[in-house]
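What follows is a structure written as structure tokens; I'll ask about it next.
Letters are used for the chains, namely A, B, C and D, taken in the order the chains are written, and counting of residues starts over at 1 for each.
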Amino acid sequence: MEKLKERMDAFSDAVIAIIITIMVLELPIPKHDLFSEYMQFGKAVGIFFISFCFVANIWYQHSMLFNDAKTMNDHIFIREFIFLAFLSLMPIFTKIITYDTNRTTVLAYGILNIIVNGLFVRLSYAVIKQKYTDQQDIKRIFHKVYGNHNNFLGYASITILVLAYFFPKAMVVVYLAMPVISFVTTRHD
Amino acid sequence: MEKLKERMDAFSDAVIAIIITIMVLELPIPKHDLFSEYMQFGKAVGIFFISFCFVANIWYQHSMLFNDAKTMNDHIFIREFIFLAFLSLMPIFTKIITYDTNRTTVLAYGILNIIVNGLFVRLSYAVIKQKYTDQQDIKRIFHKVYGNHNNFLGYASITILVLAYFFPKAMVVVYLAMPVISFVTTRHD
Amino acid sequence: MEKLKERMDAFSDAVIAIIITIMVLELPIPKHDLFSEYMQFGKAVGIFFISFCFVANIWYQHSMLFNDAKTMNDHIFIREFIFLAFLSLMPIFTKIITYDTNRTTVLAYGILNIIVNGLFVRLSYAVIKQKYTDQQDIKRIFHKVYGNHNNFLGYASITILVLAYFFPKAMVVVYLAMPVISFVTTRHD
Amino acid sequence: MEKLKERMDAFSDAVIAIIITIMVLELPIPKHDLFSEYMQFGKAVGIFFISFCFVANIWYQHSMLFNDAKTMNDHIFIREFIFLAFLSLMPIFTKIITYDTNRTTVLAYGILNIIVNGLFVRLSYAVIKQKYTDQQDIKRIFHKVYGNHNNFLGYASITILVLAYFFPKAMVVVYLAMPVISFVTTRHD
């Protein structure tokens, strides 16, 4: 399975590269020389950057995780593709949240956020368990992939979801800011 | 031809990665905060997942097949590209079936389904025949690529096509469910 | 420059893989259950297959050409990217010829056809000249990349272009058939 | 970090390959057999070529830069992705400049131009500083990546930006011509 593992790595990287780049196709361009249209375009660019950070962050963690592994099995293959299927929904959910910011869309975005993170934790666990049996090793690898922020981000996600039900418009800012904070902090440990 | 074979592997993987990812661009987003629009978006996401499973499954079988081969010839090159040409129609046919579910579209989808599977079997045969002459070896490789489900799925495809002529709306569910079942069962043997 | 050469190979392959796959995004889907709409979709699929053959053919020749080379220089880099720039216009010109088949579009398509082939010949020459000095070797490589059909196809292109001025609608069929014939014959020598 | 560095190289190349190719999707095709529509399509193709040159140029410099490096660190990862995020805005800003050429769009394009170049210089510096400590070596690498044109292009960018405020329509031609000139001259040193 070694050759297949390398091929899956390359395939996943290609899928993530496409996800991160096609998001720019969705940006609405200003059609008239009006300040309001430029503002709307600026907002769209901002949201593009946020999605870009989110996916770049996932790609980094994903690479760290699989660099450590030498081989794979069918179990990991299925978890990997379920993870990729949900990850590829991220841009379209970000687009929806831009288009109409209300309770439903913010909750949907928050739930997708938690699902993608959850699927990645499950995938990480399957990959690490395959190689290491010692609990110390497992902890060390998890730390390399996630930094120290994992527990904090997990609790934060659920807290924000509850708050989002009551204050959707305020919480969207927090949601959107999270990948940026995670992108910068995790790397600087 | 060894270097060319590796290059064709990478090229095919890139094409399949693009096929699997551009499908998400076709999803219609909800434009108003209405329950009916969210339902329609949910249905579109469901169909996206099904297409994702189908292509992921094909990618896995395709990788298994070519990992075993060391070289290629012009014959395999032509079969590979005919296979890829039909495979890349899969997303658009899935989109059509979503848009208008009637006898014509369901039959068209069913026929494409059988064509893609048939082309892959022919491709597999060309690849395997190039390397192995012993009948036992050929059987072993076919089993690795397809699992035990090959005959069953072949018969099922034709049965469903006949039924689809009489009950198009019911059969679309069966068609769409097949890649998901195949994705999960083949890997768990 | 060896590492850069490998990187340029991978980059070109990725660009060609994207060109060959995004063409399917342009296909207009049938919106109503009418025979005329299905016919139009069938025609679009046919043109997609033709473009697919053309690009697949180019990819094969391109791979054969660069597999033989060990290194590259700035001259080859510039010719490669000029070639890729024109190649990536192929899908949109094919789309235009489908949309409105008249003298202007058929001539434009024919001229692009000749430009792409001419740029590839110039690129081949630069790559081969870099490695071989003996005229016999140069001839041998040219034969490997192009088969015996090169002269024939060159003369045919110009003849068709002249005829296309007088009979645009008839000549479009010939133009569109050429990549398919080239795809099948070159490989079977 | 060596494996991660190679993976980041492949990922960046894939992102740049997608950026360079999806620009062709944005080209508006002529819908009627009118001279004015063909002219507009010709202008769009011209702008596509210019963006193609710009990105091809960046890809070449980027490859030269990273071929020299053996490893990477978190600092380089963050700078690389910030650079890619802004680079992927290039096609959409080029599209905007085509759509409506006025003072705002030309200034926006000019500023993006300077930002992308600035981010690439910062990235280069981080990559080179990691490996070399001797000032002579750093100068040598910078020269390999940029050629002799770096200072000239830097001063030119700022001069043009000032002029663009007063003569937006004239300066757009200069802006658009710069990547083409840079593409041809840098390589011919």
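Assume contacts are C-beta pairs under 8 Å (C-beta built on N, C-alpha and C of every residue); 3 or more make two chains touch, one makes a residue touch a chain.
Everything quoted here is computed from the prediction, not taken from an experiment.
Centroids of chain A and chain B (each the mean of its C-alpha atoms) stand 27 Å apart. Distance between chain centres (mean CA atoms), chain A to chain C: 38 Å. For chain B, residues that reach two or more other chains under the stated contact definition are 10, 14, 18, 22, 25.
Shown here, the protein chains touch around one cycle, each chain meeting exactly two partners. Contact between chains, using the touch rule, shows up for A-B, A-D, B-C, C-D. On the chain D side of its complex with chain C, the touching residues are 9-10, 13-14, 16-18, 20-22, 24-25, 27, 29-33, 38, 41, 45, 48-49, 52-53, 56, 59-60, 63-64, 67, 183-184, 187-188. Taken in their complex, chain B has these residues touching chain C: 3-4, 7-8, 10-11, 14-15, 18-19, 22, 25, 74, 77-78, 81, 84-85, 88-89, 91-92, 95-96, 99-100, 102, 104-105.
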